[in-house]
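Report on the following structure.
As written, the chain order gives the labels A, B, C and D, with residue 1 at the start of each chain.
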């Protein structure tokens, strides 16, 4: 009996936490969403000197509250789920843990900075709440496209890195240390900055020859950005087409029982080939 | 009678203001267009110290003239339109009001700067004059494409922001305050600057590790720019080519002499709708 | 007789100058190409202080030689062409003149800087020599695509400018003069620098709010770069398709004399529809 | 007999070096891959002052070891290959040589910097090991697309350079030396930096007019980046979808029972080749 009520209690909690169909479930999601965003804002404010110094206690307490809330949620998730370990070692299970423990560790170790990044992982939890399923479902063709173009893009990026290393070495020899190209790694870094058209300008070629080579690098980078874009858009166009085409021209797959001609238009009453009566009404 | 002449007078004014078919209407549009552009130039010149100090009165008077002209136009629009309130609360109605009142408010409040932005909204009015209908009509397929890819692009941008926050936090810990990454928000700002390949260079990583991570961020940003581009161009390509599609699937334009159903497949010997013999051999 | 030889002489010269089929014509083109590039190099070297000061006479004399060569060529073109005035007022005719006179004017006026740009126009003449016809012919579909997307892209760029002006005004009010946003035109300039992902960094937001708005501007710019790219690639894909398709599937235009079925495959010996012998061998 | 064993020995070695099917061959490739990457890391570390000063001997010795290993490999490749000279003058043959000799030359000449770039070429050897054949095979359509768009892109880049030179000359005259545009080549360099949206910011326009022109340059660059992207993605899309094309034009796979000609159009009643009656109704 108590066992039974116990099960009911678990089931209800499971509904609230894992589903968003019941009012309680919706409320839970909204509260969680707000908490997560609040906690990220906290992490950021903490890092701002003058804010941290003035409101240190406020931030500290709120962080504790959020941490405890997350802890309770984490425990609740483990209790209510059928296969606890499956959850614990799932992607979101690990995220949930990593984004909860830092504050506790800071008690022992002290110094929260080294763990701030972990707390930033809380952001990933937003995806779960927003039930991004449909969005991602909507972009299945996009994912398929990215998968299809993965090999090509990796070759492309690999080539970019090699080009960057070789050109970086050349620039190091042309410009030398007096112009900021103090060593090859730094030159390679500059070369990537330039190839990707980011162009910080913290390092910039000073010698005419260096500027000439830089121009070539830039035009190269300007040209090759077309490659990944081309690949993705073409692949995407392909993976995105068939389904829509089907819809556009309503050619169904049934074949005429008389002449076995296929690809009839939907609602076609008669075979376009032999005029035989089709029974698709 | 006077009522009648009154109506005529209103109708004529309405034609002049809202239409561009009569010579008067064309003239009105041209004058308005010039006035708007002139007013924007004014707003800009006002903000330039040495110009404002030398020609303050000229600018002030011209601004007043333009404001009065806009006020008269605004009143005229309200009088002449059939449903005044529908206009007042329409997009352009609000723009018209917002872009007119600042100068009046500056009389009471004083200090025009805080309202300069509102006056900049006058630019939006240009769209109305240019009757951009046809242009936008021309790019209906573009809008359709953007609508279709909205969900995917929002997911994409959301992911970019999350990546920026996480990487920004990491960079904050790697580079630290001594290298300009004074706090996480600023690091996130830097990360967005880098991911979008803008690269101001006001903040730039100094440590080798920081530069290495930055390189990854840049190559990432260089790669993922392909995604929105790919989506838009693919979607656009689809929404833009119904005509060509028509050709691809051999649906001819002849209609069945019996049931007048059209869009038969080429080589169709019989009407798909009524089975009537088609004589297209 | 002399008239006759005269004509011959003219015709020969015309062949040499305007055509590239005869050995002499080819030689002429090559010499001209070298001269043009040499002259551009000259214009550049002249502008480099220490080079100009050391080799001023050399540069000056070479410039004179080139100018005289171009003058002779210009005169020869006028003499030998059938309709001199048509040439003189043609695109290349004007380019030829503008790129020749500066040196003469510098005699009277003095100070070559103000005319350096005109001499840079000589570069455009390269297009004529390279007989870019075939290249441009090769990219007819590209030009068609650009024409087709002109309206949309102009609307797009117009929108970008308006966005830049409005956002620029906002940034001017947010950042203010102490952070380099000294006036609205400069803020708009900064906004364009940012929207286009160029990001010089000579002006950069300092206030947190300014950096937040800047982040939005950057993500916006990062997103909207997809629009022109999408338009061009989609339009280009369309304008580029029909022709290639034709080639790919060799469907010729002849129709069967018996059943007048068209779109036969090339080398098809018999009508696919009625089996009638086709005489396309 | 010894000759025979000799051949066997050669064959085995050839298998190990040139193939990756035998365990020994796999091992060889892995070892080589590690050596190459190690050597690149060496080249980089050498260039970092404080590392080089502290660990100069370690770096020097390791470099010698790697150089000797590469030398042995190079000799082994020459011995075991059927046509030594074909290999020596092949792309990879030259790479292998160039990436091996620098250390030896440094013995005679001294000063390794001038040759560091050559050693960076070792990276290219990675491609051979990774047997990128399949990847490149996977991106054959990409290569085809790049080939197809080569002419157009070269015209495009050529136009970009000319635009850069002309605009650079104008900026030089507008901004002048006091604002960093010290000479035309440098202005052209700045113009390329801006057109490609890199934007270092080491040189930036200061005069209002200069900033206005710069804005135009940026919007231009922002717009024309769409062109190469558009070309590549469109061409790539075309070269990538023969399969889908097949479907579009209804060429079925059945072959004529009489002359066994295939690729008949759907609904074809008779063989296009021999006129034989096809029974596909």
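To be clear about the criterion, a contact is a pair of C-beta atoms (placed from the backbone, for glycine too) under 8 Å apart; a residue touches a chain by one contact, two chains touch by 3 or more.
The chain list, named the UniProt way, goes like this: A, B, C, D = Ion transporter.
For clarity, every value in this text was computed on a predicted model and none was experimentally measured.
**Student:** At the place where copies chain C (Ion transporter) and chain D (Ion transporter) touch, is the share of residue numbers found on both sides over half (same) or under half (different)?
**Tutor:** Chain C (Ion transporter) and chain D (Ion transporter) contact each other through largely non-matching residue numbers.
**Student:** Scan B-D, A-B or A-C for the interface that duplicates A-D, counting it as a duplicate when over half of the contact pairs agree by residue number.
**Tutor:** A-B
**Student:** Report the chain whose mean Cα position is at the greatest distance from that of chain B (Ion transporter).
**Tutor:** Taking each chain's C-alpha mean as its centre, the farthest from chain B (Ion transporter) is D.
**Student:** What whole-Å value do you get for the distance between chain B (Ion transporter) and chain D (Ion transporter) if each is reduced to the mean of its CA atoms?
**Tutor:** Centre-to-centre distance between chain B (Ion transporter) and chain D (Ion transporter): 40 Å.
**Student:** How many angstrom between the C-alpha centroids of chain C (Ion transporter) and chain B (Ion transporter)?
**Tutor:** From the centre of chain B (Ion transporter) to the centre of chain C (Ion transporter) is 29 Å.
**Student:** Pull out every residue in chain A (Ion transporter) that's touching 2 or more other chains.
**Tutor:** Only 185, 188, 197-201, 225, 229-231, 233-235, 237, 241, 273-274 qualify.
**Student:** Which residues of chain A (Ion transporter) touch chain B (Ion transporter) once you look at their complex with the stated criterion?
**Tutor:** By the definition above, chain A (Ion transporter) touches chain B (Ion transporter) via 40, 43-44, 47-49, 113-114, 116-117, 120-121, 123-124, 126, 132, 135-136, 138-139, 142, 145-146, 153, 157, 160-161, 185-186, 188-189, 192-193, 195-202, 225, 228-229, 231-237, 240-241, 244-245, 248-249, 251, 263-265, 268-277.
**Student:** With touch defined as at the start, can you tell me which chain C (Ion transporter) residues reach chain A (Ion transporter) in the complex?
**Tutor:** Touching chain A (Ion transporter) from chain C (Ion transporter) are residues 197-201, 229-230, 233.
**Student:** Using the touch definition from the top, list the residues of chain B (Ion transporter) that touch chain A (Ion transporter) in their complex.
**Tutor:** The touching residues are 151-152, 154-155, 162, 165-166, 169-170, 172-173, 177, 182-185, 188, 194, 197-201, 204, 208, 211-212, 214-215, 218-219, 221-223, 225-227, 229-231, 233-235, 237-238, 242, 245, 249, 251, 263-265, 268-277.
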